[in-house]
Amino acid sequence: MLGETEWAIVLLSLRVALVAILVALPFAFIIAWILARFSFWGKSLLQALITMPLVIPPVVTGYLLLVWFGARGTLGGFFNDVFGLTFSFRWTGAALAAGVMAFPLLVRPMRLSIESLDRGLEEAARSLGAGRIVVFFTVTLPLLLPGILAGAVLGFAKALGEFGATITFVSNIPGETQTLSLAIYSLLQSPAGDAAALRLILVSVVISIVAVVASEWLQRRLSGGRT
Amino acid sequence: AEKVTVFAAASMKEVIEQAAAKFEAKTGTKVTSSFAASSVLAKQIEQGAPANIFISADLDWMDYLEQRNLIDKPSRKIVAGNALVILTKKDKGDAAAILKAGRFAMGDPSNVPAGKYGKSALETLKIWDEVSKNAVFTENVRAALEFVSRGEANAAIVYASDHTAAPDLVEAYRFAGSTHKPILYPAALVGKEASAEGKAFLDFLASDEGQEIIKSKGFVGASDKAG
Amino acid sequence: MSDTLFVSVEGQVGSFPIAAAFTAGSGVTALFGESGAGKTTLLKMIAGVTRPVKGRIAIRDHVLFDSTNGIYLPPEQRRIGYVFQDARLFPHLSVKNNLTYARWAGRRSAGLSYDRVVALLGLGHLQQRAPATLSGGERQRVAIGRALLSNPALLLMDEPLSSLDHSRRQEILPFLETLRDETKLPILYVSHEVDEVARLADEIVLLQAGQVTASGPAETIFSRLGSHDDAGALVTGVVTASDDAFGLTSLDIGGQPFQIAKLGFAAGTKLRLRIRARDVSIARTLPDAISVRNILPARITGIETNDGPDCDLSLDIGGQTIVARLTRKSASELALKQGENVFALVKAASVDRGVMRG
Amino acid sequence: MSDTLFVSVEGQVGSFPIAAAFTAGSGVTALFGESGAGKTTLLKMIAGVTRPVKGRIAIRDHVLFDSTNGIYLPPEQRRIGYVFQDARLFPHLSVKNNLTYARWAGRRSAGLSYDRVVALLGLGHLQQRAPATLSGGERQRVAIGRALLSNPALLLMDEPLSSLDHSRRQEILPFLETLRDETKLPILYVSHEVDEVARLADEIVLLQAGQVTASGPAETIFSRLGSHDDAGALVTGVVTASDDAFGLTSLDIGGQPFQIAKLGFAAGTKLRLRIRARDVSIARTLPDAISVRNILPARITGIETNDGPDCDLSLDIGGQTIVARLTRKSASELALKQGENVFALVKAASVDRGVMRG
Amino acid sequence: MLGETEWAIVLLSLRVALVAILVALPFAFIIAWILARFSFWGKSLLQALITMPLVIPPVVTGYLLLVWFGARGTLGGFFNDVFGLTFSFRWTGAALAAGVMAFPLLVRPMRLSIESLDRGLEEAARSLGAGRIVVFFTVTLPLLLPGILAGAVLGFAKALGEFGATITFVSNIPGETQTLSLAIYSLLQSPAGDAAALRLILVSVVISIVAVVASEWLQRRLSGGRT
C-alpha cells in the first residue's frame, strides 16, 4: 500500500512524535505539578509563558528555535557540548519543535487533574508507611492517569500534525526532518502530488485514531471498576 | 560520492526533483533537497543549515545572504525565469475585464514575490487602483489555484509555471515582460568552501539538459530572461 | 501505667485555634468532645498530616514533633495507623489491595495476619470489589482493616464504628480490646458513644473548643461524661472465683462480693466495672427471693436533686463510689438521707457491658 | 394510621439484588439492617436516584414510580428531602447557600423557617464558611438542615446522627419528633442505634440481604431488633394521672398501674414504652421498702435459655408481654418455671428513654 | 506605539479569536459531555475525529474548510442560504478556521472535568427540587469551571496563533482576514520586516498573558474558599 519512502516518512513521524512526547511528558508534569500545588509570585506568568507556543505563529516559534537551538545558538551549542546532542536540521530538532509546540497541551489537562486530586488519599497512603515517592507511584500517578492520558493524546496528535515550527527550525529534509505533515505539504505543492498527499493524510488519520482508541482503552482498563 | 543538499523555493520542487534524478543517474551523486519558502530557507542558511546550494524564488533573499557573505558569490547565477499569467476557468480575455469581474487571488504583494510582480504589472497597466479591492492575497500558489478551481475566486495571478498544477484552468492572459521587473530564480553555492559536487549540480541545472527540464515545467529558461 | 503518648501542641486550622496537651498510657484513650471541638484536627496533628505551630508529640522515646528542635517527622515515619473519619479508600485499588497497601507500598509486613483481619471485619466476599461499590459500613470496615494491617505503634481511630450496626460493633470492640491487651498498642479513640468509651477507654481526654478541659484515668473522668441518661460510675474489683456452670464471675469490691455475668477471668485479675446510675436500685431492708444478685450494703454520701423527676444518690460501697438514680418520689417515700445505710441492688445482667480490664 | 408511603421494588446495584416491599404510615419508619443490607440502595430508589427494575413507589396518591405505567418521576418532582449517608454538600457554595439551596434553586419556599433550623442545628457561626472547612459533624448538620429546608413531603435520613455527639443528638431527636407530630411528615430513618429507633420509630422495616424480612408497628417488630444487650419489648399504656411535684406520670398498662419519670402528657394519651429486658428484675414475694416503683404481678409465659450466663423470661402483664433478663443462676435459685406467678420489678428511671408516643 | 493598521489587526484578531471560542465553546461542551457521560459504539472514533484538526497539517484542514465551507461548498451554501452567513474571504471564515483548530483543545479538558465530577452532588441538588437545567447552572457548571476555563484559555491561545488553516481557507486579506499571525508571517517574508514582526509578536504575547492571568484570577475567584 505504502511505498518504501512513504514508510520511512511514517516511521520518522512516529519516532519524532513519540520521542517528543515521551521527553516532554516528565517536564510538563513537573510544571503542571508546580502550577497546581504551589502559589508563588508570577505563577500566572509561568502559565502564560507555557501557553506561548500556541499563541505566536508556529513560524515564529520555529525561528526562535532556530536562533536558540541552531548550531550557532547558545542553547544549541550548550546541548552539543554537554550532551553531544545536535538539533539543527536533524530529526532530534523536529522532535524538539514538536515537543515545544505540544507542551501547553500536555500541561493543562495534567494541571487540571492534579488540582482536582483528593489530597486526603495521599495523606492516608503516607500514614500507611509509604514514602513520598512510593505514594506518588502507587496513589497519585494512577489517579492522575486520565489527565496524563488526555494531555498525552492531545500532545501526540499535535506532535504528529506539527508543521510550521518544524519546517522553519529544521527545514524539510527527506529522510531526516521530513515528517508526515511536511511531506503532505510538499506533495500539495506539486501538481501531481494530490493522490500521494491524500494517502499520507489517511495514514496520519489512522495513526491518530489508533492513538486515541488506545488511550481510551488504557484509561478504561486502568481506572478499572471505579465509577 | 558525496551528496548534495539543495535548499530550494517550494515552487522549484518539480524541477529540482527531476533534475536530481537525472544528475544522480549520470554522476552517482545523490541529491537531497528541502523545499520551503525562500525566506525560511535563507534564514536557516544564516543559522548554519547544511545546504550546498540555495535556489531562491526572488533576488531579495539571495541578496540577503550575499550581503552576509554566506554564499559563494562567484557561483551565483540565474537558473530560471518565469512569466506572470492570469488563470481562469473561462476563456481568454482582457486583464482588466477579468479582474474587475470579481474576486481574484494573487500572492501578497507585501512579501510574496508573485504578488509583488503582479501588483507592479497591474500598476503599469493602470488598473491596480480599480481592481485591488477584488484581490485576495494568498501565501502560496496552491491556495490561489484552489480558490479558482473551487470557484471562490474568478481568477488567479500566478506564474506560468504554476499552470501545470492546475490543468483544469486556462491561461486567460499573460502579462508582458515589460510590465514588471524580470522574474528570476537565482541559485548559488552556500558557504565559502563550495563542494565540488554542489558545483557540478549547479552546472547541471545551467546546462542544456537542465534547462530542458526547467522549461518542461513551465518555467522560462535562464538565458531567455523572459517574463 | 507509664505514659506512652505525649502530646502538647498549639496550632490553627483556618480560624480555629487548638491548644491541647495530654499524656496517655498504653491502653485506649478516648478523645471526647462535641462536634467541632477539634478532635479530628488533633488526630491529624499527631499523624503528621497537619503541622502544629509549636509543641511536642512523642510515642515513648520516639519524638514525632518537637518545635524546639525542629523535628517534624513525615507521616510515613510515625508508624501510626489512622482510621480517618471519612474512609479515604484508594478508589483505583481493589478492597484487597487497599487492605494490603501498607505491606506492598509501606513495607510494613509484621503485625496482624491478613486472614484474621478480613475474617473479623467480614470482608471476605468483598476483596475483589472496587471501593466505589461498597456500602457506607463496608467502606468503614475496609478503612479499619487497612489501618490495623499497617502494624502501627499507635492507632488513631476517628469515629471508626459510627457507621456500623450494633452486632458488627460488638464483634469489633472485643477485637480492639484484645489488640490493646495483647500488643500494648496505644489507641487514641474518637467516639460519641458513651458505651464504647466506657467499654474501651482506660483514659479519657475531654476536648472543648480546641482546649483540653480534663484528662486522666477513665474512672475519674467518666462521671463527667455523656448525657443524663448515661451517667454512671466506674468501680474496680478483683476476681475471686468463677462459676462455670452458670457463667458467672465473682469479684471482691472493697470487701463486698459482687457477681457479674461474664467468664474467662483468672482469679486475681483486676477488673473495672461500669455501673450505670439508672441500673442501681435502693432498698431499706434486705429483699428476699429476688433475682437481683448483688445486694450491697452502702452508705449514702450525697443526694443530688435536679429539676427533673430523678435524683442521684452517691453511695459508698467498701470505699468506692457508685451512683444510683431514683425517682425523687421513691427517695422521698423511703425518706433517704445523707449518711444513712441502705442496700444497693445491682443486677448482674446489667453490668456485663461495663466490664473493663483495669 | 393510614399508609402514607407505599414501596414495592425490585432492582439491582452491581451484583447486589434488592427486592423489597413495605408500607409505612405518616410517622417515623425505621429502616434497620446490618451493613450492606441494602438500606441506602432502597432510599436511593425511593428518592429517584437509582431506578428499580420494576415495582411501584407512592406517597399517598402521588405515584413516584410505577413500572406497569412507565411512571418514573425525576428526583426534583418527588418532594423528598434526602439526608445522604455522605453529606454531599455543594463545595462551591457557602454553608448558607447550601442550606437555602432548595429555596433559590428548587423553588421550595414554604416549610420550616431558616432561622429555626439554623438555631436548632447550631449552624449560626458557620453560615459563611465553605464546606471544606467543616468538621465531620458540622457537615452532617448542614446536610440535615438542607434537607429539612426543602419542605419535603417525605424525609429520607440515612444515618443522619451517626457522626454527632450525644448531646447534639438529644437536641435534634426531639425536634424530629416534633416535626413528625406537627407536620405528619413521614420519615424513613436508617439508623444502627437501637435507642434512636426505639425513641423515634412508629414502624420498623427489617432489611436483610436486600429483602424485607419483617415490617410492621414498632411494638411487634421491636423485640427482634438489635443485639443481645438491647433486647426488650414495647408495651402500650394510657396516661391516667401526673404527679407534678415529683415529675411522674402514671399509666395504666393492661389494668396495672405503672409510673414513669416523665411529664407533659394529658390523661388519656396513649403511650408506648420501651422496657429493656436487662432492666427487669423478678421477685417471688412483694419486696418492701425498695426504690423500684413498678412492681407488677406477672405470669411467666416462657423461659429461654442460651449458652451464656443469662436467660430471658417472657412475662405476661395484663395481656402484654415484657421480657426480663436474669442470670441463669438466679432463675435456678428462685426455681422459676413457666406458668408461675411472680412480681416484675421495673425501675421508673430506666424507662424514661423508652417513652414513645403511640 | 502601534500604528493604525496595527491596531486594526489586533482588534480583528481579538474579534476572530473571541468569536471563535465563544461560538465553539457550547458545541465543545456538548461533545465533551457526550464523551464523558455516555458509552456508545464509536465513542473512541468520535474522540479521534475531534482530535483530527490537531493531527492533520493545518493547511489540509484549511483546504477541507475551503471545500466544505467555501461559497460553493455544500455547508457554505447551506449557511449562506439558511443563516445568511458567508465564510469565504471573510473574518467569519477566519473565526471558523480558528474555532475548528481550537476545538480539540476545548473538548479535552472539559471532558476530563466532567468525568471527574461527583455526580452525587447533582443527585443531591435534584432531591432538593432543582430541575435538570437549574442543577446544571447552579451545581454542574460552577464545578466544571476550572475545566472550562482551562479549555477556553488553550483554545483562545490557539485561535490567536492559528495560521495555516486560516490563510488557506480565507487567504490573507488586510482588514478582513489578516489576523496577527498572518500579519506576522507576511512581515517575516520580507527581509526588512523583522522589526515590525517583532512588535506584533509582542502584542500577541501580551494579549495571551492578559488572557491567562484573567482566567487564573477568575478561577480563583469563582472557586472561592474551596480547597
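Lettered A, B, C, D and E in written order, each chain numbered from 1.
Methods note: a contact is a pair of C-beta atoms (placed from the backbone, for glycine too) under 8 Å apart; a residue touches a chain by one contact, two chains touch by 3 or more.
In UniProt terms the chains read A, E = Molybdenum transport system permease; C, D = Molybdate transport system ATP-binding protein.
Quick caveat: nothing in here was measured; it's all calculated off a predicted structure.
Shared contact partners of chain A and chain D, listed by label: C, E.
In terms of C-beta pairs in contact, the better-connected of the chain pairs B-E and A-C is A-C. With respect to chain A, maximal separation of chain centres occurs for D (centres as means of Cα atoms). Using mean Cα coordinates as chain centres, the one most removed from chain E is C. Separating the centre of chain C from that of chain E, both taken as means of CA atoms, is a distance of 60 Å.
In this assembly, the C-alpha centroid of chain A lies 35 Å from the C-alpha centroid of chain B. Rounded to whole angstrom, the centroid-to-centroid distance between chain B and chain D, based on C-alpha atoms, equals 91 Å. Each of the following residues of chain E touches two or more other chains: 63, 182, 185, 188.
Among the residues of chain B, none is in touch with two or more other chains. Shown for chain C are the residues in touch with two or more other chains, namely 86, 133.
Chain pairs recorded as touching, per the definition above, are A-B, A-C, A-E, B-E, C-D, D-E.
Of all residues in chain C, those touching chain D in their complex are 13-14, 33-36, 39-41, 85-86, 133-138, 141, 158-159, 162-170, 192-194, 226-227, 229-230, 243, 246-248, 259, 261-263, 277-279, 281-285, 287-293, 308-310, 324-332, 334, 345, 347-350, 352-353. The part of chain E that touches chain D in the complex is made up of residues 118, 120-121, 123-132, 134-135, 138-139, 142-143, 222-227. Contact residues on chain E toward chain A in their complex (touch as defined above): 43-45, 47-48, 51-60, 63, 104-105, 108-109, 111-113, 115-116, 146-147, 150-151, 153-154, 157-158, 160-161, 163-164, 180-182, 184-185, 188, 197, 201, 204-205, 207-209, 211-213, 216-217.
Contacts from chain B toward chain E in the complex involve residues 37, 39, 42, 60-61, 63-64, 103, 105, 108, 110-112, 135-139, 143, 146-147, 150-152. Taken together, the chain E residues at the contact with chain B in this complex read 62-63, 66-67, 70-73, 88-89, 167-168, 171-174, 182, 185-191, 193.
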